[in-house]
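The data blocks that follow each hold one structure.
Common to both upcoming complexes is chain A, partnered first by chain B, then by chain C.
This part shows the complex of A and B:
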């Protein structure tokens, strides 16, 4: 650890972060803020990113994730706060003096240059000798498996190929940090899934520190080492994908990532009672008003031996997705979302009665 | 298929008829009359004497050279002044751009004669420029700013600058601003970004503006006549004189075709330059890979 974060907030955050061990900090953001008039696009943003880590900024559009990324790259000047890359304060440096490599949403390949020239562009600006440059370009094109298209122009390439060229161009400079701005949003669904897997393998192979912006929770869960959930310019929660999904810190996180059932109510003496009178055991939870969060996997149709208390419900809707059926179930005035696979012919229909049980390991609470 | 072709022909017929009747036929007539023998408004016969008179005479060749020189200078000056303006307009948000564009176009709404007389007043013996310079004590007696090449160039550039600005603007507007950010991210400072990304991508806009300003400048006749007087002769004012004063129509027809060849030639050259530039770029890259 060669960096001592400046603010107490940063220190407490850092110790709370998963993986904040002896790994070198590559990107350090302290109290970053960007205001437009009275509107804070980004506020109180403090984050450490360690070497080789893939961190995802996740949130709905307008949450400030792209603004944060652009501040790191240097395209937007922060109103206040500090940005450090590899221990150097870069807050006031122009983009071309920052050690970042960015893949833009539209890829931004130079249309008047061949694939090869695009990848060589940054190396030329760094003043790398021609023979060394040529080797590096070839190495990068081999990495993204495009060496056979070196002489082509961007408009002669497919969207997926363009993305790989953009990636090769950014990686050619061996930047301290790779910045990806919604790199899959311009691709169709099937290609997106394939390229996502390719990207993960590629980033793993070069082991580069990466910051990745997306509004797609599935992308974030699958690619990231850590996810930073953003909302209204601030950080809502930081954690591993499993953390974020299994232990959402707020109602927003619970609802934004994955599906869940939410019950408003209060805990007293280890029992949660919903506003409509449903009671669910809540051992260890402190008394008070709260919101109960239940992921659909922890609710299942009752069968054989009882896991816990059973609740009788009415099927409100039943949507078949092949591997599972998604059922909205009303119990009294509360509704539950349940996902399960039913053997052929036994799938509940709308209006059926269904008994469900709740796996007590899956019960989570957030502040109401 | 045959139906749609008939429809196309019918749709094209009216403008085509108009162009053939009022442009192509008169042009052909003019072309024919450039080979007439004689020097009156009505002549006949067939010879190359009009072309020979123009192309073998040092005076006329001098005027042609002057015309090309002024045309090129005016186009180059327009690029230098118009490029920054066109670039900044292209990068403005649409609302602001619209307002400033009016300022650019406004001078074009004035009649050319009004503009030229305005310049005559401003640059004249008792004009604005002289009053200011004398008031400031820079000069003691009124200087002569009219009737020279610089004055003609000044007025031509002022008139045709909007064409350059608009060409550059529409060219630059097609360059995605994110490319500038991509270049900056790849360690290119502003000058390198301009030289290697913005400028090469603006070439089509610059070239079309350059061609327009050159063609308009070499065919100008009011400006050289009134601002340049007898000292600055351009081919346009020469043709004007031959048609209206001397009434030597065959000779003016021949001069018109020399001018037309010049402008068409430049347009063709600009187009090939554009084509060559892109293929040359490709060729160079291939060569460097082989080396």
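This part shows the complex of A and C:
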């Protein structure tokens, strides 16, 4: 991927094009739109997904991410636009003629069929011979390490096991693209983290093109090759997890993914001045009103050698998370969020005064 | 302590209430069954002695056996027809938005609300106008009409509870709509279809009003036969016939229960 610095939007465009050159396009969505009356659930949605890529549609509920996924699977007919899978226009094809494998949020395992029968179902529909089918089912169950539960019924399985059956069932057909709809939302936090790791390994092993939908930014950052941040039915930003986190293109992206401090102000002659008078160097930024975005890692308590200018602030809140302490610090009327580890006994408390430094490499600007 | 005593009093009251409801529900049938074994000549409780002679009489009585056969045939055919009409109707009510949907739903359920006598009279006139009067067909039409609400109601509830994502999952696994219907929707709806069928069968088998109005050419249904029999005589053969009816009904329900008791279905 191209890593030349530039404006975030330009950068994400570059990375999209760099990808397009290097791999075959499996899913192509062109100007996809879904309207319900006057309401656009999805609009102006254009995206290429390349072979073996894991793309995440990330956004708050109601942003159109699930609608988009369901349009790709064929459960929702787009109002306009085009969907291509492996070069074939499938926009008007019914779900059963599309080469997709979907894992539903609820897993949607057939309750009246055993695990084995669930996995075999799709193969039967493809008319695969019984002996070959049997082998494939076994292979899939081995892949998800559930061959010992082949005879069980879905309700006899734990949530994590059900998810793996759903995955095996979808992968058994070797679909061109795997679609995952909030695959972890039905699991408890501990299991979620473990299964996330497992899923990533599994997808890596079968090397399948995957689109998954989530509202959990941590999940998206950890799993994806590329993230599509959606908002109000449209694409807000496309980029690698690093792009999205380090170079948010808009205020929405900055706030939705990760934590950050936001300062309203304006840039003049390479210096950002916040509305309340705080000034921070902003080399190379064009003059005008803007919003300064600062991730908490780029703010640190001032220590021996100076990185740059120091700002004295008042601790508004100090929350202890073990490995780090999250501090809200007010400097004048601006507030900063910083996360740092303090040696035992030195952790600042509410009301303490603290000097902070800003790492100039971490300063980002978005349109106000 | 006081709260404990009150809880206990509530629990005991509840127990008595429940017991009395069950007893009241079961008592008539129990009395009929017990009196059917009488060795005496009149129907009374407690019975005099024990014998199976009234069963013998019932089985050998041509009017009762003929009418039992009419009833069974009628109930079976109207159940099947009712399911054949009710299944698509419930499907349409569940899946599609169309003009007059609520009217359609109300219409399908209306035989439950319209007094049976009114319905019977109306049907009688209508059938006479059609020239179907005094035929098996008019009786059948009436019975399909009164069983349909049970079927539509039970099936709409079944469709409502049905997780439609399962159908989507099946379609995603390359199942054509026909395969989805055959392998997912219908098997999962089977318990609803079966209970709808049982309701329909029982509603038809026990109906008397519609059958009185639409009865044809000497052949009557069993309830009508029992009813007319009571008008001129009151002997224990009635209890024997009723017991047979109870046994038949319970057997049907037991078989269906066993057959459909698929625990794997959520």
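Just so it is clear, the second predicted complex is superposed on the first by the 350 of 368 C-alpha atoms of A that agree within 3 Å, B and C clash if a C-alpha of one lies under 4 Å from a C-alpha of the other, contacts with A are read in each partner's own complex, and residues count from 1 in each chain.
Rule of thumb we're sticking to: contacts are C-beta pairs under 8 Å (C-beta built on N, C-alpha and C of every residue); 3 or more make two chains touch, one makes a residue touch a chain.
These numbers come from a predicted model, not from an experiment.
Visitor: Do chain B and chain C fit side by side on chain A after the overlay, or clash?
Guide: On the shared chain A, the partners clash.
Visitor: For A:305, is the partner it touches chain B (first), chain C (second), both, or none of the two (neither)?
Guide: Neither partner.
Visitor: Just chain B (first), just chain C (second), both, or neither: which does A:155 touch?
Guide: Only chain C is touched by A:155; chain B is not.
Visitor: Return first, second, both or neither, reflecting whether A:104 touches chain B, chain C, both chains, or no partner chain.
Guide: Once the two structures are laid over each other on A, A:104 reaches both partners.
Visitor: After lining up the shared chain so the two structures overlap, which partner does A:122 touch, if you call chain B first and chain C second: first, second, both or neither?
Guide: A:122: touches chain B and chain C.
Visitor: Just checking: does A:112 make contact with chain B only, chain C only, both, or neither of them? Give me first, second, both or neither.
Guide: Both partners.
Visitor: May I ask you to decide whether A:205 touches chain B, chain C, both, or neither, giving the answer as first, second, both or neither?
Guide: neither
Visitor: Where on chain A do the contacts with chain B and the contacts with chain C coincide?
Guide: Dual-contact residues (chain A): 73-75, 94-97, 100-102, 104, 106, 108-112, 121-122, 125-126, 169-170, 173.
Visitor: Taking the touch rule as given, give the residues of chain A at its contact with chain B in the complex, in rising order.
Guide: For chain A paired with chain B, touching residues are 73-75, 94-97, 100-102, 104, 106, 108-112, 114, 116-117, 121-122, 125-126, 134, 150-151, 169-170, 173.
Visitor: In the complex formed with chain A, which residues of chain B make contact?
Guide: Within the complex, chain B touches chain A at residues 176, 178-179, 181-189, 192, 196-197, 200-201, 278, 281-282, 285-286, 289.
Visitor: Can you check the complex and tell me which residues of chain A touch chain C?
Guide: Of all residues in chain A, those touching chain C are 73-75, 94-97, 100-102, 104, 106, 108-112, 121-122, 125-126, 153, 155, 169-170, 173.
Visitor: Across the complex, what residues on chain C touch chain A?
Guide: These residues of chain C touch chain A: 163, 165-166, 168-177, 179, 183-184, 187-188, 262, 264-266.
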